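Dropping the structures in below, format is C-alpha cells.
Next, two complexes with chain A in common: one pairs it with chain B, the other with chain C.
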Partner chain A sequence: MKIHQSAVAGTFESSDLFVEVEPQPQFSLSVTSSATQFRDAVETQVRNILTKLHIENGQWRVTDSGALDCIIAARVETAALRGAELSALNWEEM
Partner chain B sequence: MKLRRSMLFVPASNAAMVSNSFIYDTDSIMFDLEDSVALREKDSARLILFNALQHPLYQDKEVVVRVNSLDSAFGVDDVNAVVAAGVDVIRLAKTDSAQDVIDMEAVIEHAEQAYGRPVGSTKLLAAIESALGITNAKEIAFASKRLIGIALGAEDYVRNLKTNRSADGIELLFARCSIIQAARAAGIQCFDTVYSDANNEAGFIHEAELIKQLGFDGKSLINPRQIDILHNIYAPTLKEVDHAQAVIAAATEAEEKGLGVASLNGKMVDAPIIERARLTLERAVSGIREEL
Partner chain C sequence: MQIQYSIVSANSMLYQTAIEQLIASQGLRYESDIEYFCIAHNQQQVLVGCVGLAGHILKCFAIENNYQGAGISRAMVTEIILCAYQLHRKSLSIFTAPDKVSIFQSMGFTALTSLTRSSVLLVNRPEQLLALQHQLSRHKIIGKRIAAIEMNANPFTKGHAYLIEQAAQACDWVHVFVVREENKPFSFSDRLAMVRNGCQHLRNITVHEGNDYMISKRTFPSYFLKESHLVNQLHAEIDCEIFVRYIAPCLGITHRYIGSEPNCPITQNYNQVMMAMLPPQISVVEIKRLALSGISISASTVRNNLLNATTLVASLLPISTINYLIEHHGYALQI
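Take a look at the complex of A and B:
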C-alpha cells in the first residue's frame, strides 16, 4: 500500500487516536500519548499495523488520547486507506 | 430462545462509546453504521467495528450491527467487514419486503464463505420502517431461517404515515400489533422502536409497559439509563417467580414419573404454561420486580 495523498483519521477526544499522514518517499513516525507510560506500546502497535499493510512511505504523526488497541488499529487503518485512496481492506488478510 | 429485552444503540463512529459500551448490562449491544454515522466517517466506523468485534471485551456479549442499505455505496463493505469480524446479528434497516431479506441473506452468505465463517452462523434482524413493510410483515418474518426477529423503526414509519409520534403511541398501534402477529406466526422475536426522549423517564416507562403488555420481547434503547428501567419492567414479581418454579418442579416430577400431564394445585400444567414459566425465570435473572 502506498500513500499518495494527505489523510487524517480519528479525533483528539478521550479514548481516541488522531492520525495524520503526508505523502513522502521515505517513512517516518512520531507518536505522542496522553498516557506517557503507554507511548512506546502505542508506537509498537502502530508500526506493526503499518507493516501488516505493507506501508513503507509517508510522514506519520499519531496523537493518542488513551485509545484501546482496537481503536488504534482502526484509526491507523483508516488513515492508511484514505492516504492510499482505497475503499476497503482485504478483510481475510487482516 | 435468547433473552433480548434490551438492545442498546451505539454509534460505531464514536471511539469512546465503542470502547466503553461493553460495561452496560444490556442483553445486546447494537452498533450503528447507518443513520448515526456521518457520510465522511462511514469508512472509519466500519474499521472501528471490524477491530472492536474481535476484541476480547466483546466476546461474551451479543453484538448486533445495523449496516447501511445494500443500495448505498457502503452496505456490501459493511457486511463484509462485520461478517469477517464475527458479528452475531446483522440488523437490516428499512425492510420493505421479503426480497430485501433474501438479498441481504445472499450477501451475508457470500461473506461467510469468503471469510471462513460457518454458513448460517450470522443471524438477521429485519427492521420495518414503512407502511409497505408493515403490510408485508408476515412475508418478511418468514423470509429467512437466519431471522431472530423483526423490529419496528418508528421515526421513518410515522413520517411515512404523515403523522408524528404522540405520548400514548396510538399512531403505532397497528404497526406494533402487525409486527407481533407476524413474528409470533413465524416463531421469531419482535422488538419495539426506540423512545427518543432520553430525559422523559415517565414517558419511557409508560411506553415500555405498553409494549411489554402487547407482547414484545424487548425494545431498542438509545441511553444506558433506560436499561435498568426496562429490565425492571420485564422482571417478574416474587410471586410470579415462586409460581414459575412450582410449575417447573411439577412438570419435572411428572416427566420423571412418566406422566403425560402434570398438575399444580389442581390445575393442569401443559406446554404453554411450562414455556411461560421458563420465560418468567429467564426474565428474573436481572432481578425481581418489587410489588407496589
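Take a look at the complex of A and C:
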C-alpha cells in the first residue's frame, strides 16, 4: 500500500489515538503518548500494523491518549486507507 | 454528560454574544481576527466551551468552570485542528498559560519558549523550526562581529540603506531579514527585491527571506494587530526568546542592529525588549534614524505620500527603490 495523499484518523479524546500521515518517499514515524510508560508499546503496535499493510512510505505522526490495542489498529488502518485512497482492506492479508 | 460540538464562523451573530461572555468569564479577551470557533453546548443548549482559529493560531480557549476536566478541551481541539487541516493549515501554534501547557503537549504540541512567562508558545510541527535552523546554518559566516537586522522595508528607504551600511562598516558580516508577512502596499516579493537591489554595492551582507519564527504572525501576532500593551510586551519577549535560542546560534550572531523609533509605540517597545533580553549573548546597537533636512526618514511617510508628494518621496528613497517603483508599480516619482 502506498501513501499518496495526506490523511488523518482518530481524535485527541481520552482512550483514543490521533494518526496523521503525509505523503513522502521515505518512511518516518513519531509517536507521543500521554501515558509515557506505554509510548514504546504503542510504537511497536503501530509499526506492526504498518508492516502488515506493506506500508513503506509517508511521514507518520501518532498522538496517543491511552488507546487500547484494538483502537490503535482501527485508527492506523483507517488513516492508511485514506492516505492510499482505498476503500477496503485486503482482509486475507491481515 | 452529553456535549455537542460544532464549528461556526466567528461572525455568526447567533453565537457571538455567548462566546464573548464565556471568553470574558475566563479572564481572556475576545480577539477580532478569529475566523472560526469550535463551540461546545450542553444538553440545555448552553455554551460551555470554545476555541478559536485565526490564521495558523489557536486562541481564545475557554471552558466554563463547572465543565473543566471533563474532556471537553480534547474534543474541541480535535475539531478545530481538523477544521484547520481542511483549510490546508497543517502547521499550527497556540499561546497559552503555563498551567495549560501539559494539556496541549499531550495533544501533539511542543513548547518553544520558557514556562516562566505568563504566555507560552507551542507548535505542532517543531521539525519546521529544525529545518529552518539547518537552512540558516548553511549561511553561517565565521567572524568577530556578525550582525542581524530585521526590517519590513515597506518600501526600502534611505533610512534602511543607512542602517545596513552602518552595520556593514562596523561588522564582518551582516544578515538582513525581510519580514515575510504580506503587507500593504508592497508584497513580500516586492520588498525583498527592493532590499536586494539596494544592497548590491555591499560585499559583506546576506539578504534572507523572513520566516515564520521572526516577527511573524506566528511568534508576534500583536505586531500586526492593535493589541493591549501587556499582550504586545509578552509577544515581543517571545519573539526575542526565539531569536536568542533558535535563530542567532545558527548564524553566530553577535550584534543586533536596530533603528531608533520616534513614532510607532509597538516598535519602540520591541526595541526596549530587545535591549533587555538579547544581552549578554548579543549586543544591541541602536542607530539614530537618518534625517534629511531635519525630518527623520520613515517608510510610513513614504507610504502616505506616494501618490501626491512625489518629489518629497523620491528624496527619501535610494535610486534602486525609485527605479523599482517606477518599473514595477508605475509610480510617477521625480528625482
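Keep this in mind: the second predicted complex is superposed on the first by the 94 of 94 C-alpha atoms of A that agree within 3 Å, B and C clash if a C-alpha of one lies under 4 Å from a C-alpha of the other, contacts with A are read in each partner's own complex, and residues count from 1 in each chain.
The rule we apply is simple: contacts are C-beta pairs under 8 Å (C-beta built on N, C-alpha and C of every residue); 3 or more make two chains touch, one makes a residue touch a chain.
Model, not experiment: these values are computed from the prediction.
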{"item": "Fit-or-clash call for chain B and chain C when the two complexes are aligned on chain A", "value": "fit"}
{"item": "First, second, both or neither for A:Thr32, with chain B first and chain C second", "value": "second"}
{"item": "Chain C, chain A and chain B - angle at the middle CA centre, rounded to the nearest 10 degrees", "value": "120"}
{"item": "Which superposed partner A:Val8 touches (first chain B, second chain C, both, neither)", "value": "second"}
{"item": "Which of chain B and chain C A:Ala67 touches, first, second, both or neither", "value": "first"}
{"item": "Chain B versus chain C as contact partner of A:Leu17, first or second or both or neither", "value": "first"}
{"item": "Superposition-derived comparison: chain B or chain C, residues of chain A touched", "value": "B"}
{"item": "Closest Cα approach, chain C to chain B, once both complexes are overlaid on chain A (Å)", "value": "11"}
{"item": "Intersection of the chain A residues that touch chain B with those that touch chain C", "value": "11, 13-14"}
{"item": "Parts of chain A lying in touch with chain B, wherever the complex brings them together", "value": "9-11, 13-17, 67-71, 73-75, 77-78, 81-82, 87-89, 91-92, 94"}
{"item": "Complex interface listing, chain B residues touching chain A", "value": "15-16, 18-20, 43-44, 46-48, 50-52, 54-55, 57, 77, 80-81, 84-85, 114-116"}
{"item": "Chain A partner contacts - residues on chain C that touch it in the complex", "value": "71, 74-75, 77-78, 81-82, 85, 90, 106-108"}
{"item": "Complex contact set, residues of chain A against chain C", "value": "6, 8, 11-14, 18, 22, 32, 34, 61, 63, 65"}
